[in-house]
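The next block holds one structure in the form of structure tokens; read it before the comments.
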Amino acid sequence: MVSHCTFALEFKVRDYECDIQGIVNNAVYQNYLEHTRHEYLCELGLDFAELHNQGIDLVVARLSMSFKTPLKSGDRFLSCLNVKKEGIKYIFDQKIYRLPDKKQCISAEVTAVAVINGKLGEAKHVSDAMERYKQT
Amino acid sequence: MVSHCTFALEFKVRDYECDIQGIVNNAVYQNYLEHTRHEYLCELGLDFAELHNQGIDLVVARLSMSFKTPLKSGDRFLSCLNVKKEGIKYIFDQKIYRLPDKKQCISAEVTAVAVINGKLGEAKHVSDAMERYKQT
Amino acid sequence: MVSHCTFALEFKVRDYECDIQGIVNNAVYQNYLEHTRHEYLCELGLDFAELHNQGIDLVVARLSMSFKTPLKSGDRFLSCLNVKKEGIKYIFDQKIYRLPDKKQCISAEVTAVAVINGKLGEAKHVSDAMERYKQT
Amino acid sequence: MVSHCTFALEFKVRDYECDIQGIVNNAVYQNYLEHTRHEYLCELGLDFAELHNQGIDLVVARLSMSFKTPLKSGDRFLSCLNVKKEGIKYIFDQKIYRLPDKKQCISAEVTAVAVINGKLGEAKHVSDAMERYKQT
């Protein structure tokens, strides 16, 4: 079952993402998770590259992933995201489900923080945008 | 202008594909071009990974690319493909256009051949499927 | 301080591994960690690709990473590995230190298991080789 | 035979660079070629990322590659580079040879130009450094 999520994005595996074992290479899931977070920012009206140019870098401080079912060449999947705030940390709960059978492939928790002009801080307009989005 | 093409696929740049210069890294265009060719095979009812398991490897023998306009974070683009046969070679004419302004980013010519059980050959059903697709 | 480790490998950052923020992209650290584990297997006289051909796939079941100091263009670093066995799991303790100042960049714990002809199991000769290597 | 070259760098294939076919993915060769050029710049006392920060971007305008022998998991190889100037273009002649048998894997010609504060131009100190290096 795909549980309720704040934001979801559909992908299709690309063959160059698969390795010798014929399955998506582990590191590529981090790419999928990152792209999902950045598209979520987009949805909030924010832009990762633009934030960087303004001196605001959203960086990953910690990440854990469980690999459950490998994705293969040709697979479609749904990448789902929920987020909560804990102090200045953004805790992303991210899951990937194969389509159409919705089998869970990956479960991940990603802790991100804002580095503002080189110092840990809170990007207030980012936090506010996340809050507003949840309420819609 | 986007000239007529046999097959086209829309993409969006992912931030991890961009490098220090803030633009899509050159090598990533090869990924885009490959994914376009493999999706084209899909459209023909063929499957790159499945062909490999049958002992038929479609491999790139030669490639040339001209880099015209760099893609950036957030850009959408169209990847267009035409193909013609020359003996046992498949010559792919591939172009990438930024959206929505259709400015040309990349022009490429990719020569692929079939290696069948380790030997250069013609994958007849691949050639036939390409021919049929053109006529539709 | 670089603590004692079973196996260590030196790398240099390649520019294509860096992203818009001018630092190594998070997902690339998984590449570094994987390459370190595979080179460690090599050192044991084992070969990841060869194992796959024999029906033995070493797969990552779980992974956690803490990102401490980002690596940048031009940085050299040391990737260190320790491993212990827990039942049929191999628990890799992996750390990356920037050179020459030995500042810690990444700390990771990677849990791998063997899938033998499609089933979880123990690859006895892999376990034995790890044990022998520790004692040398 | 490895013909005389201005600059050469030794690599080892990393397993995550290999794809479903068990060989290095075509796009990865572009990574190898880029890293070789950037290490060559290093050898000249220049730094790609630093040049970018100074407003000087060395960009690839055109590239052609012939794929001769595929590299596989575990292979070591030598990446060789020669360069000549034609007007404001730098023409890199790059070849990759498998080790230890020196079988040629890739032959490439890469045309790069300097974009200085957004405009095509000549990065005089880059050209001079290349010239001096040849004479040593």
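The chains carry the letters A, B, C and D, assigned in the order they are written, with residues numbered from 1 in each.
Throughout what follows, a residue touches a chain if its C-beta (ideal position, glycine included) is under 8 Å from a C-beta of that chain, and two chains touch if they have at least 3 such contacts.
Source: prediction; values computed, not measured.
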Comparison of A-C and A-D by number of C-beta pairs in contact, larger one: A-C
Give, as an integer number of Å, the spacing between the C-alpha centres of chain D and chain C. 28
Express in whole angstrom the distance between the two chain centres, defined as the mean CA positions of chain A and chain C. 23
Compute the distance, rounded to whole Å, between the mean C-alpha positions of chain A and chain D. 34
For chain D, what residues touch not just one other chain but two or more? 15-16, 18, 20, 22, 25, 27, 31, 34, 48-49, 73
Graph class of chain-chain contacts, one of line, ring, star, complete, other: complete
Which of the residues in chain C come into contact with chain D in the complex? 14-16, 18, 22, 31, 34-35, 38, 42, 47-49, 72-74
Could you please specify the touching residues of chain B with respect to chain C in the complex? 15-16, 18-20, 22, 25, 27, 73
Please give the residue numbers of chain A that touch chain C in the complex, ascending. 20-21, 25-28, 30-31, 34, 48-49, 52, 57, 59-67, 70
